[in-house]
Amino acid sequence: MILANLFLTAALAAPPGDFTVTSPPHSDGLNLQLSWTDPGGTGFAVLRKDAQGTYQLSSILPAGSESYNDKVTTDPRKDPPRESYTYRVATLDADSALPPLADDDDDAAAANQARYVAELFDRSANLSPEVTASPVASWLNTSPGHLLLLLLIASVGGLIYWFTDQARKGSEIFIRRIPGIDAIEEGIGRATEMGKPVLYVPGIDELQDIQTIASMLILGQVAKTVAEYQSEIIVSCCIPIVREVADEVVKAGFYQAGHPDAYHPGNTRFISSEQFAFCAGTNGIMLREKPATNIYLGRFFAESLILAETGYINRSIQIAGTAEATQLPFFVAACDYTLIGEELFAVSAYLSRDPRLVSSLKASDYVKVFCVACVLLGTALASIGNPIMIDLFTIGE
Amino acid sequence: MKRTVPLVVTFLVGMFMIGEFFIPHHLYRVWTAEFLVWGLILAAAAFVLGLINLIQVNLPKVLRKEPDWGYKLIMLLALAGTLVAGFAGGQDRQTPGTVYQWIFDYVFVPLNATMFALLAFYIASAAFRAFRARNLDATVLLAAAILVMLARVPIGESLPFIGDYLPRLMNWIMDVPNIAARRAIFIGAALGAVATGLRVILGLERSHLGD
Amino acid sequence: MLDLLIKFQDMDRRWVFLGMGFAILLPMLANITFGFEVDERVQALYDEVEALPAGSTVLLSADFDPASRPELDPFFRAHLHHLFRKDVKVVMVTLWEFAPPLILPTTEEIAGKHGKEYGTDWAFLGYKPGKELAIKAIGENIPKTFPKDSRGNVTTALPVMQGMKQAKDFAMLMSVSAGFPGTREYVLQIQGQYNLKMGSSCTAVSAPDYIPFYKAGQLFGLAGGMPGSAQYEKLVFPDGPPTSGPAKGERLLATQAINVLNLGHLFIIALIVLGNIAFFITRRIEDQG
């Protein structure tokens, strides 16, 4: 018996050492970070006391693990986090019981778990001491990366107001000429002369994508110009809600230009939410209605070249703009003018020349200079082994 | 009022959603998650409007027998057929043997693949037309394109003198100037996106409201 | 001569399409083969999968549709063979609504050939809409995101899901991605946060965008487009199409298609070179005349 007990004790792994439970920094208040030193063994079982004071199995971790992030609740509305949580971690070894299988039957699953936890407690030499900790929720993420980002956004906002103020006081804000944007009005003029419509494609992504938002803002200006030229605009949309917003924007543009009767609701069309079906439908519009000018502004994917080549077959003037780097080469090859990246976001300011909008371009340019300076400084410092800039700009939980 | 209310709503919701990135507290994120769900519901509801728009635009053209009305009729019939097959199939509509699954396997998949395959031909015609050494920029573009394409085909490696260097050159082009340019575009576009977002949230940009 | 050169430069694009058509058909009809080398990124991907111990579990996110199937399905098939022959368990999810009819029959076929049992050796948890939100949810709690699998079983009751609650509980995450949402969103949303071991197979057009992730160590390997799929097939099946064993009958479509790709590239290069020669000669004649 004594020999058997000796063997039993010899088989037990040591408990995890230096076991601590802390609330991670900048936490949402729903996580606790457990850490320990690995004494060896085949794995670890993390146990957490429930509201009734009974230990439940939280997770089983593989060998070599030395930390675990426990989400104390997945639905804080239905199951709000408690004041504090108590944990123990058990080292598993070759003689440990097999982990419990889940079961369709909740009662059976709970019974399996309870049995497993009881078996872990039977081998108490493997168990760490109890540690209790409270999850702490932060109201502000004060990590350097986040604060720097907040500063950048605030800087853009502040600079916008400063430059707007300067513009109101009469100072001239210079924007370099962007041929692609100038070509939009020329294209509309061409369409009017030829008696053909303008085709506007706002990309294929959802309304919440910033490129689609930018496209909607530009569409308002374009629709107004089309109405002033007494031409026709067809808007081909891939997402239904984008179609609804585009319809309102085009209608507003025509009303603003003083030509409400020229607005045709049937010219803002939802084609299909499936990428290539939309592409085929838009190609059909190009081949049948033969627009004189095609404007592609927004987020595009694989259909970009198919649209642009079909437009080329039609001999349409084509102006494209996207921040999607993978599609830029296709637009550059197939379109007459391509707006690259941030030029897409500059179009509405460029077309309207509204001091408030032009100021925002100036503001983002200044912040860009700051970013370039940081890149150069960071590269120099990193080259000599100093990671301070890398650490400063790291955004992490 | 008609313009002020949307501007105020845009500002409040916009600032609230920006806050999610900086405020980790779970009580805050419960509400931002709720707003996102509201957005998904609105987008889903708009699908019904999209369906109505499809019918509203195309059915009158079929009835009036306008030019190319046949294509619109096929589209409407396909729309109706797929809708009926989908509703009839219910939860099990994607089970092999159902009409809906047949439409997917033998109509949708080949058509989708065909449209994507058009890219091969269009790339050839676009490259032939666009890659001319008209000026320095075009020449650099042309040279890079040819080097990368040559390096990707086995015949490139067997070329005399340059064959051994082509893969290294290609990797350098892809890893250095290509990535540098993409990162530059990405940073510029990100800042442009911040400025655009701020313009809309702060009410400076109002063209989408008809102002 | 000048007229001919100008005609060549402005030739009807249908001749280009016809030429491209021949370039595509020829390798299929005439059994033209080109050898190819394996890229270091694909080799790294293969080596990491090869190092997986038997019994470990991989989370596989298969996010492609019929359009991108020719590029990614060969990798997907080879990867499943690779995992199953190493007795690695597979839990599959997808973020693309048109993916399930493509990936489920393939997985059932290959798992069946390797004698793998659903629920014990592999499972398909289904399609989850929500894009980045779905990915965040996968990072936080998979059983809550997919309470039931595609067959209606309770996820937590599946033997293959024992101990697998979050993405980080898996030995690795493999993203077979045709675009958005896919590899980029996984890297941005959860790879860094949970320090996941992650690999990717993507379309050729997206591969340059993901190279920075590979260089930064966020992806342990990257197979880009058809060439990437072909290279991976070469590593998984070094002796060519297998004639025996569970993978018998596997056609290695990417390896076949790479010949089409190579000839297509050569055709485009030839067009560009000839076009530029014609352009320069035309300009010289015009300058002289």
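Every chain is named by a letter (A, B and C) in the order it is written, and numbering of its residues begins at 1.
Rule of thumb we're sticking to: a contact is a pair of C-beta atoms (placed from the backbone, for glycine too) under 8 Å apart; a residue touches a chain by one contact, two chains touch by 3 or more.
This one's a predicted model, so the numbers in the text were calculated from it and none came from an experiment.
Undergrad: Which chain has its C-alpha centroid farthest away from the centroid of chain B?
TA: For chain B, the chain whose C-alpha mean is farthest off is C.
Undergrad: Could you see whether A-C or B-C has the larger number of C-beta contact pairs?
TA: B-C
Undergrad: I'd like to verify one number: the distance from the centre of chain A to the centre of chain B, where each centre is the average of its C-alpha atoms, in whole angstrom.
TA: 15
Undergrad: So, what's the distance in Å between the C-alpha centres of chain C and chain A?
TA: About 23 Å separates the centre of chain A from that of chain C.
Undergrad: Just curious, how far off is chain C from chain B if you go by their C-alpha centres, in Å?
TA: 19
Undergrad: In chain A, which residues are in touch with two or more of the other chains?
TA: 276, 302, 325, 397, in rising order.
Undergrad: Could you say which residues in chain B touch two or more other chains, in rising order?
TA: Residues 112, 115-116, 123, 125, 127, 129, 131, 182 of chain B touch two or more partner chains.
Undergrad: Can you list every residue of chain C that touches 2 or more other chains, as numbers and ranges?
TA: 13, 67, 208-209
Undergrad: What residues of chain A sit close enough to touch chain B in their complex?
TA: It comes out as residues 26-30, 76-77, 81, 137-141, 146, 149-150, 152-153, 156-157, 160, 164, 206-208, 210-211, 213-214, 216-217, 220-221, 239-241, 243-245, 248-249, 251-253, 255-256, 266, 269-270, 273-274, 276-277, 279-280, 284, 288, 302-303, 305-306, 308-309, 312, 323, 325, 328, 330, 332-334, 340-342, 344-346, 348, 352, 356-357, 360-361, 363-364, 367-368, 371, 397.
Undergrad: Okay, in this complex, where on chain C does chain B touch?
TA: Listed in rising order, the residues are 13, 16-17, 19-21, 24, 34-37, 65-70, 98, 100-102, 105, 130, 133, 208-209, 211-212, 215, 227, 262, 264-269, 271-273, 275-276, 279-280.
Undergrad: Name, in rising order, each residue of chain B that touches chain A in their complex.
TA: Going by the criterion above, the answer is residues 18, 21-30, 39, 42-43, 46-51, 53-54, 56-57, 67-68, 71, 111-112, 115-116, 118-119, 122-123, 125-127, 129-131, 182, 185-189, 191-200, 202, 204-205, 207-210.
Undergrad: Looking at the complex, which residues from chain C come into contact with chain A?
TA: Within the complex, chain C touches chain A at residues 13, 67, 140-141, 144, 154, 156-159, 161-163, 165, 169, 179-180, 192-193, 203, 205-206, 208-209.
Undergrad: How about chain A: which of its residues touch chain C in the complex?
TA: So the residues of chain A in touch with chain C come to 59-60, 71, 74, 99, 101-104, 109, 205, 275-276, 301-302, 313, 325-326, 396-397.
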